[in-house]
């Protein structure tokens, strides 16, 4: 690992984990078209959403399609402004900040998009993609940026010789790793993963999820994991929130075995035990 | 449907209004004016010129003049021509009619020729017919309208079959009825030919590409599989499916023909709005210029509106929107 | 497949470049000054280059004879060839006249004949001016009017399209409404309306640039619409959102992500728009609204053909119109090839423009 990436040692395991991100009563609606500059009545996507993510943990956000998960992710990543409510990041309110004031906070919260092919500019090379955040924030010389980009790629398991290739020439799994590498460039504290494991075959999915878990330990990251598939997040998350039609319905630790989708179902002790064993294995 | 139409009409009106303002401002801000020549002439006194200017309202500020012109439009006069010393509309009426005769005939001719050629060429894509027509249309498209007009005229002068200028032979005022009609048609042949030749390559190209896109689709292959004769497939199945871009193109072709007809009218001395506009610009007769430009816009907008309505009727997808 | 288009692009671009170099070098390639009149030789036919003389002897250096007017001075001229005096063609002829640039040394012309012989390879017009020279000098005006006007149209259109597409809301509304107004006029009428804004007589020099601005202004609307479309779709791409998440400024995003997307559209538009602007200049000059005499332009060279006598008998006067055909063919070829080139994989479906949709010409 490059010396530039340090392990966070200031948080000892016995400390009470602090709340890194807190969302209070977030509301967001979308206007349907414009008539001469005025917006027509809107569709409400988020209704008074309350969330809390503890530092170093993983919160999974699940819900059916159309429940507003991606919108919530984008609001928390400060890509869109909520209509009302507040977002507190390490205690600092974000909603009322100007775009310029928001910049340092946006860098600490990174969104990993659903479709990596769309999130990568096909005209860039892999190294350019990863070093872009460094370029934008003006860190280092060109050489230093390139070196750091290669280090980041190594961190996510991409060999250096892929650096000159266009994202189009990489496989789906490699592209996802590239997107993660780019997101880590500015050493963020919170990663919002929007359907990061969707559309992958089982082995790639296992690889990527292992990578994410490892990175979480090494770089002391906090994750908000958005998915429509409850099974996928089961062994991943410390806590699960369910979003239904714009509202948080339940919030709590994951209790799902692999055969059930609803968090309310009871399960047999044997299944629970088998499940814990499985999760214990995958977390090592 | 009503809502759609109302929306489009409102837009059209806004555009016409905008065009009238734009043209009015441009012409008004132009240097030189109709009375310039008079001013330079030593025989006419300054006071006369000044009085004339006040009479024609040239002393007033621009917005006042525009409003005055709008009033004149609402009365049906469309402003006043200094050169002809008469309201503009009577001058424009016959001329507009003449231009429209030419434009519509050329529109009909070019589409009636372009569609069969385009369909034929699309059905034989890649073969020698396609290549020959491809080269031919490329050359025709590369020939400027000026050259086409002059070329057609030169040919006619050599061959001497057709009258080469004007709209009617000088003696036709005595002939009535079908004789006059025949004379008109004879005089129309050359300008319509020139206009059609100019429009044809573009239209054929569009028809061809629209047809090619449709001919690739599964439902055409299925129709062929059912044993439907190729002619029927092409004109009964493929062409209606390809109608969308062609209807839009129809709207655009009206504009193209209006532009082309201006030049052809000047070259072939056809008494349409083209020569009138040219004359008005050279003489600095502002209201005539504004009126002519507005009319041409009106026809183009009407053509697009018609195309929009046809598209609305023809394509159910637009109705759902 | 991409191979073919690259070859076509190179071929078209190089051919066009050589044509432009040829007209730029009109001072060298043209045997005469375009305004130089030879009143005694109106509407002379193009001179024939003889290699074999009347006795059948071969001459390495081609020669021309004189035309003698056999008609009476009142009627139209009728020329017959008189080979009693032959004028062999000379190359790299030194210019004898009082050129103002004599300070740089006498200018040289590619070909000429000894005085008092004359060589009119493409005939003369009603003032006896050499058509070949006028063709070359006129090309400067017409071809470069097209290029410069296109630059203006595209520059303005691209900037406004970017602003409208990127910033949305009221700049978008305003710009698109104005563009709609400009597009509502048939292009010749728009051209005329804008041209009427300028003084009637335009000489060479500064007024020429005014004329170019008029032609350029007439054509900004459609490019701006197309650019706006591309910008709108590019703006919503996730990599733009990602860049914003890193704190990228609008300038950075426009420069690094959006600009490369619009290049394809802009270049293809350029090839089509140039031929359109050349046509606009030709039309204006033909009708007497372009550059004034004696500055030659391919348009006003054709103006003399409006008389029936000239049209019937003096076919060589059409040469400027005929010269346009290969130029336009090359530009259309270039546009086709560029369009196909930018249909590269990697470009989204929305980014692909077919040449039909781009048919700006109208």
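So that you can tell them apart, the chains are marked A, B and C in the order they are listed, and the count of residues begins at 1 in each.
To be clear about the criterion, a contact is a pair of C-beta atoms (placed from the backbone, for glycine too) under 8 Å apart; a residue touches a chain by one contact, two chains touch by 3 or more.
None of the values given here were measured: they were computed from a predicted structure.
Counting steps between touching chains, the shortest path from chain A to chain B takes 2. Top-ranked chain pair, ordered by C-beta pairs in contact, is B-C.
Taking each chain's centre as the mean of its CA atoms, A is the chain most distant from chain C. In this assembly, the C-alpha centroid of chain A lies 59 Å from the C-alpha centroid of chain B. One inter-chain figure worth recording: chain A and chain C are separated by 56 Å, centre to centre, where each centre is the mean of the chain's CA atoms. Work out the mean CA point of chain B and of chain C, and you get 25 Å between them. Chain C contributes residues 177-178, 180-182, 184-189, 192-200, 279, 282-283, 286-289, 299, 302, 305-306, 308, 311-312, 315, 318, 321-322, 324-329, 332, 354, 356, 359, 361-362 to its touches with chain B in the complex. Residues 169-170, 173, 237-239, 241-248, 252, 257, 260, 345-346 of chain C are the ones touching chain A in the complex. Residue ranges of chain A in contact with chain C, taken from their complex: 36-37, 77-79, 103-104, 106-107, 110-111, 113, 115, 118-123, 132-133, 136-137, 166, 168, 182, 185-186. Interface residues of chain B, counted against chain C in their complex, comprise 11, 14-16, 18-19, 22-23, 26-27, 29-32, 138-139, 141-147, 150-151, 153-154, 157-158, 164, 202, 205-206, 209, 245, 252-253, 255-256, 258-260, 262-263, 266-267, 277-278, 281-282, 284, 289, 292-293, 296-297, 300-301.
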